[in-house]
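Sharing a structure here in structure tokens format.
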Amino acid sequence: MSRIGVFICHCGENISATVDCEKVAKTLASMPGVAHSVDYKYMCSDPGQSLIRSAIKEKKLTGVVVAACSPRMHEPTFRKACAEARLNPFLCEMANLREHCSWVHAKGDATTDKAIDLVSMLVEKVKRNKPLFPIKVPVTKTALVIGGGIAGIQAALDIANAGQKVVLVEREPSIGGHMSQLSETFPTLDCSQCILTPRMVEVAQNPNITLYTYAEVESLSGFIGNFTARIRKKAKSVDEKLCTGCGECATACPIKKIPSEFNTGLGMRGAIYVPFPQAVPNKPVIDRSRCTYFKSGKCKFCASKCPAQAIRFDQQDEIIEIPIGSVVVTTGFNIKETSFFPEYGYGKYKDVVTGLQFERLLSASGPTLGEVKRPSDGTVPKKIVFVACTGSRDPAKGIEYCSKICCMYTAKHAMLYKHKVHDGDAYVFYMDIRAAGKGYDEFFRRAIEEDHVNYIRGRISRIYERNGKLIVRGADTLLGAQQVEIEADMVVLATAAVANDGAESLAQKLHVSYDAHHFFAEAHPKLRPVETNTAGIFLAGACQSPKDIPETVSQASAAASKVIGLFSNAELTREPIIAVVNRTAPPLFSTCVGCFMCQSACPYHAIEQEEIKTREGKLIKMVAKVNPGLCQGCGTCVAFCRSKSIDLQGYSNEQVYAEVMELLS
Amino acid sequence: MSMQQRVIQHENLLKFLGEIISSGKQLYAPQKKAEKTYFLPASDVHSIVFDYIQTAESPKELLFPKTERMLSYEQVDGKLKMIDHAEGEIFPERVLFGSHPCDAVALKTLTDFFRHDVPDAFTQKRQDSLTVISVSCIKADDNCFCTSVGTSPGDTEGSDILLTPIGNAKYYVEVMTEKGQSLFAAHEKYFENSDIISKDKYLTKMSEVFSSSEVTARLSKAFDHPIWSDASLRCLGCGACAYVCPVCSCFDIQDEGTDKKGDRLRCWDSCGFSLFTLHTSGHNPRKNQSDRWRQRVMHKFSYMPERYELLGCVGCGRCSRACPADMNIKEQLKEITEKIEG
Amino acid sequence: MSSSNIYKPYLMQIEKVIDEAPGVKTFRLRFTNDADKEQFNFTTGQFGEYSVFGEGESTFCIASSPTRKDYIECTFRQAGRVTSALAQKEEGDVIGFRGPYGNIFPLEEWYGKNLLFIAGGIALPPLRSVIWNVLDLRDKFNDVTILYGARSVADLVYKQELDEWGKRSDVKLVTTVDPGGETPDWKGKVGFVPSVLDWMEPSSENTIAIVCGPPVMIKFTFPELLKLGFTPDTIFTTLENRMKCGVGKCGRCNVGKVYVCKDGPVFTYKQLQELPAEY
Amino acid sequence: MENNFEPKIVAFVCNWCTYAGADLTGTSRIKYATNVRIIRFPCTGRIDYNLLLKAFAQGADGVIVSGCHPNDCHYTSGNFHARRRWIVFKQMMEYMGIDMRRVKFSWVSAAEGAKWADIVNTTVNEIRELGPSQEYLEMSRQGVA
Amino acid sequence: MKIGLYPGCSLEGSSREYAESLRAIAPHLGLELEEIEGWNCCGASSAHQLDHTLSLALPARILAQAEKQKFPELLVPCAACYNRLASTKKDLANDASTRDKVTDLINMPYTGVTSVQNILEVLNLVLTPDVQKKIPAAFPHKVVCYYGCLLVRPASVVHAEKMEDPMQMDDLMKRIGATPLDWGMKTECCGASLSITRTDIVGKLCGNILEDATMRGAEAIIVACPMCHSNLDMRRKEIERVTGKKFSIPIVYITQAIGMALGLDAKSLGLHRHFVEVSVHGKNKVQQNVSSPSMAAVS
Amino acid sequence: MQALHQKAKELLESGKVQVIIGYGDGSGDRVRPVFISKAESASDLIWDDRCRQNLAVYLNKPEIKKLGVPAIVATPVVVKTIIQLISENQLKSSNIVVLVVDNDVVSELTDNASLEAYSAGHPVVFPPFVVKEIKDIAEMSIQQRNKYWQDELSRCFKCYACRAACPLCYCERCLTDNNQPQWVCVASHAQGNFEWHINRAMHLAGRCVECGSCTIACPVGIPIGLLTIEASRIVKQEFGQEPGLHCDADSAMSSFKVEDTETFIK
């Protein structure tokens, strides 16, 4: 006989404003098998939880339904409360009265009726719940960090310094990411490379870190604690062990005019190149798509000049398989190209540049050695217009969100420009200034007050070229939307920060979710900001959404601490929501006939073949068997099993059937 | 029941049947559907088929439907209310036309079985409201063996009225029971007086292939005979034989619905199914197909005669026709009399 | 029953639920209709069809003694669809009951004899009905011995009553659990029923043995009893064939010419020997 | 059709995308019709077509089946399997003469709160147009004596 | 290539030279124009302000008629007409209930099979390399291409590839030997919708356009829209009044430019109808081997 | 037939197989399955046009398995069935001898490759009446189809001859016999029959080798084979997979392609 306890939460007024909670509790009280039914203001509060705990004990409850918010929010809370009262936590279910009912419907009988249905359906389910016990699996104590920007560097170092192994994979020939491209950083204006480079070197030298640059994650299989990563090490065409990084090869390369990625196309590189002087590892790679030898079979100048004889034209991509316990994704972001903006000429005008390009122009290591020069003719621009929110916060462009860093770096750009070109004029067109952060507001005020940057609140409608000048036409909304037209020498667009190329396909490889803009989705925006919905995979930095360096670094450390926490256990406890193959009395042993369709359906290779033998060792039959360590509980096999011999704990056939029957009876 | 001898012309027979329909009774008569003949409710006498050997399904549905609602229940104001369909249900007046004598005997066997000891109201009430007009057989096929199981092409048992075709689109009429008499009386105008006719010469000739009493006698010692496993090798264990059999009456009781409202149903079942006797523990008293085949034969030819003095087979041959594996009962019974010592 | 519908159940209210062992419960049932109660009678050995509306019917014996008139009790193990649904029922709920069905233990023929009850596991309920019947008419019988075994201590049913029988001077009770099923404070025997029986060496003199248990226990207990000098006609048991109708119609419990629901469930070993072994 | 017909609709959704999407509808306070009851499954791959049949047999007027977009499955491929199943099931039902307009299949991601509301509202409106489900319910009443 | 033609009112009136030049060049481009029977107003200027359904029904009737005449494609030279027809086609494709309403209203079947083409799309098809070969560098002028709004907006209707920097006309100009200049006013507003009511605004907007073109050294502004043409060509006085500047740059229909490249005479291209004298000319005089150029179109 | 008798005799005498599953004389003009264990009975085997029952259904019957290694006289569709059973781990080609008869030449198919080659060379051809039925139903409106199937299925009394006759219905416990929960109503009313038949079709989708045994077995003449044929047709049309061709094929319904297309999931 079931003795189910039903607990209806008002969630303050979140639920009770539209649902008659008292009526729900009362109606449920008369349902067969319900031994206890109450409503309460805040079920998740401490008194609320103790209400549940004491009811379990006093009323000898055999199951609990908490009708409150989404189980994705508080299921663990209430299951824990049940466990504390010695009720198996898997005998607790949550009805979602807030997100699925009160918040989406108006007050009325229909809403209360729906609430009653939602709860009673779960009462019928929980009656059929079985006590389940967590599954223990071993943990491989190696972390995979994907992306070698500041987030990846920080996460890798934190994990490695805690004594755990790290594999760091970077797509480019060097780690460093966008931060290595920056000039100075706000709000302190310290040199980006000065603070980053030592950390890059530290990565290279840390014995706990295995660094794969020019490499990409090919696939990830398995599950938390027990992933297997396949990493493609792209052929660098250089034997890294022999290469001394002397740079002779790059000098020898006859191809010189390849736009440098690092310098955002403002500088050039060769077909064999080191992306930038401080690169880690500081060893060149051959860009096979541009190399004369790979195109025509002739040249080999670099090889002939290499004193270490380290050039390897026959090198192949290498796939390495590594057992991994946890993953930190730090693949960062990208910025929209100027060609995305029709009103600003689709990237047609050379002197309309992105913020990142301007960083390179400002950078002492950049193509102009830190002098601000126009890309078109190399002259020093006397009038620069900075345009904030280029693309960002613009639904018409499909980018509704704020890119977060632009206000600050635009202020920085204007300021640095003024520092370098004292007689220059800097104009900033902005929508709003978002300078929340320690020292941020002060920083941008300084740009206005000390460096006399002209801030104009308004949008730019069009930029076109006339007589070698860029005509920037816009409106000044503080002056009654009066049209302004500035003849600028240069325009810097703070183009939107967007998800990195390939983010979507990486997310699919990792089986983590992502949002409409292809930023990786965190498990919970507030409470689980660095976790994904896939256990064991964490996020840090701008791959989750645009963010600045301090935030990125703190997230990276947070993700690292999650990994370290995970690795602090020899074994990992997993939810027992797994499939099981039934066992019946002999002579059948199981109703499974061993067609093993489930095996081909299982994405986790969790289904094995098991022999059932007589005591004498004679094979009676082969049946399917679920490896509880591998099964993730999707239940796909269950729906396939023709004889219903395989069932999913926690979502068993009987449970879901009962839900449907109750709902419609 | 001794009666004036009558005959009926074919066209009058159609009128007679038509009048039964228009009188509001449900007339079940053989009709074609796809390639086979079935007893179906007739709304037009011209759709009735006369030239057939055997229907695919037996008429037992008229007494023992494949799904019968025995009980309904409903929660009303927190109280369980039962609706008893044996009491409340009106069992409509029905006339079955065109059953052959074997089927009529089967209907009687079925009635007797369900009436035995603890009377079953459902079959009884259906029987009470059913009048059977059978038609003697003037042809038969290889699967028929009525004479071997004690009935015959002109057997009157179980029929309320028996018609025997005597050529020239005429039927010799025998009214056997009060039910038959009252139906006859209501439509007497269609019948003509006649001299006493010996119907035998019109009937199909069926030689006795075996003797059922001999089968019964042999079976009493045959439980462990190898014949069962040999014979049943090709048996697929479906229920086709039992479901087309006019006598087979095993059933299952099933509830449908929720705790709030639903029905208790009686559904056909078959001793040929492996799950029929399976215990929850996994133990199965009849775990081999041969056990189940034996049960089928034993039940009809040994247990039923012994317990009810009824033979569980009327020789209609439907099971042989229906069997996808050609388990021919006539052949098997003959073999029993040949292979098993008396 | 007032209706001609032999499948219409009585409505019975669950008065009391007793948890006997893991998955095993006893219900005490009372008629919801007084007229039904008045005309209802049964004799020990009989069984009924218990139903949960919407789920179906299940067959088990009446586990209480006919000498206790006001109610009937049943004990069942949760196994299939119906028993699982029954197990969800609680005190005050209404279930269906059809019965009594089947034959009886011939108690009057046993007057003046020694009775040896042998039960295993969940098969004690049918014997419990007889035992209480006998104990309520204690002076009509000679020695009463009960041997009851289960897989483990937890699996023993009617623990309170076992205590009560154990304390009585006019009953000899031996309880046993399978090797490995004992608890540290287990006071009874450890071993399978047939071997404990062998150890007990009860006299077959003027004695009736009533055996109820799983097929494997029966299989080994009967020869043991024969060895002790019991004749097949002095050994009684009950059969547990699957049943649906309870009234000799549905065909399930048919064994040879016998319908267990009509001619059983009580059989002597002698009768069983004459039946095909399809039980 | 009667104006006050309120269809009963059951939604079978996966935990990771659509259930979360419906959560987002809630957190975004987007309103939709009250007629839908959500039953949570780990994955669309878990959803047995028999549940749809049972829902209709029990009197559901409509069914929504929704999960992650292709490639977005939390379990990598449950929704692909489900898609195959629905492709066959839908055509099979139609072959047997069952109008599948009462079943709505959709992909709703965790980010598509508005889409969820839209699907519910569209479904409710369409089912309202179709009227109460009778075709399937009739079946349970036929063939019983 | 045979194609249906919907001229619309402008080509019969204020922009006759657009129609004349189109008909003049058509045979040289292998284009056979067949005017749609009994055509009606597209409703461009006012219908959509008055009645939404009517604003769809008018173009729908034209499209239905095109379907009836089994035109797979319908050429709509007037940019405004084109925009109305293309918008209607899209609206009807996406909304079955409106489609039903509209077909009910026009009492004609409509399926949407006929595709609506603007002048640039069609010219792009017919101004083939073969044609080009016959007229090498035949229009050697620096020009700016002025697209205006109706040919490139809204993007969802007209499928212009780069709506802020369209290149189709520029590309066509290159093919006849012209040098299209980069300029800032390609898609700026000419003020067409205010051309009667607020000539001062038109003057200012058109002035900007003329000024930028002149400043960049263009010899002509190429257009493909009757509204653009009339504003830029006709409103010179107003422009002069507002801007205080005098402009002499001619406004040339793309069909005229092609006609000049083909060596057709000024009259047949309607150049004489312009307010501002057309000071650009074709380089060659091409042999007139095609029979009466305007005849094919007369239905 | 001579060749078949000879081959059967050899196989039994050599001890390579212990039983030949084949066709023999039945009642009237029927043929029936026979199980020949003795070489001298080899001449009981028959081979002609009437041999249509899918004998593969016996390969997994416990009673037959007890007889020893079998040889089976196989029609092309039986070969397909065997391939399908192999792909579903129900058989191994090494454990049976498959005999095919073409123009009185008997060949032994003893490995997967020869089975596959034979299957590929012998496509299933429907008899004209089946082709007509398929076409008729395809042309019906959904309401007509509803009426058609309701009418046909109303005769079903759930004897499960279709299931018993189907060599691919080898579950030891059929879904319909599972009552926890009761997925398929036991009763043979309209709903129960519909549930049973759509489940059968879904379970055979992409697996049905279209032997027609179910239709032949149905004692009340329901063309149930059309349902599983349709299910397999859908699978073939949508996913391009056909059963009975490859011994190591993944089942169409438990695999997928990312490019699978549909238009109804919004």
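Structure notes:
Letters are used for the chains, namely A, B, C, D, E and F, taken in the order the chains are written, and counting of residues starts over at 1 for each.
Following the convention adopted for this analysis, a contact is a pair of C-beta atoms (placed from the backbone, for glycine too) under 8 Å apart; a residue touches a chain by one contact, two chains touch by 3 or more.
Just so it is clear, the model here is predicted, and its values are computed rather than measured.
Placing every chain at the mean of its C-alpha atoms, the farthest one from chain E is found to be C. A comparison of the A-B and A-F interfaces places the larger number of contacting C-beta pairs at A-F.
Closest to the middle of the protein, by Cα centroid, lies chain D. The mean-CA centres of chain E and chain F are about 68 angstrom from one another, to the nearest whole unit.
If you average the CA atoms of chain B and of chain E, the two centres end up 87 Å from each other. Computed from the mean C-alpha positions, the centre of chain C lies at a distance of 47 Å from the centre of chain F.
One finds 99 Å separating the Cα centroids of chain C and chain E.
Multi-chain contact residues of chain C (touching two or more other chains) are listed as 80. Contacts with at least two other chains are made by no residue of chain E. The set of chain A residues touching two or more other chains comprises 32, 588, 601, 640, 653, 657, 661, 665. Interface note: chains touch in the pairs A-B, A-C, A-D, A-E, A-F, B-C, B-D, B-F, C-F, D-F. Chain F meets chain A in the complex at residues 88-90, 170-175, 178, 180-181, 183, 203, 250-251, 253-255. Those residues of chain B whose C-beta lies close enough to touch chain D in the complex are 61, 65-69, 256, 263, 265. In the complex of the two chains, the chain B residues touching chain A come out as 78, 258-261, 281-283, 287.
Only residues 6, 8, 10, 15-17, 19-20, 22-27, 29-32, 34, 37-43, 45-49, 51, 54-55, 58-60, 68, 71-78, 81-82, 85, 109-112, 117 of chain D touch chain A when the two sit together in their complex.
Within the complex formed with chain D, the residues of chain F that make contact are 137, 142-150, 154, 183-185, 187-195, 197-199, 201-202, 205-206, 227, 230-231, 234-235, 238-239, 252-258, 260, 262, 264-266.
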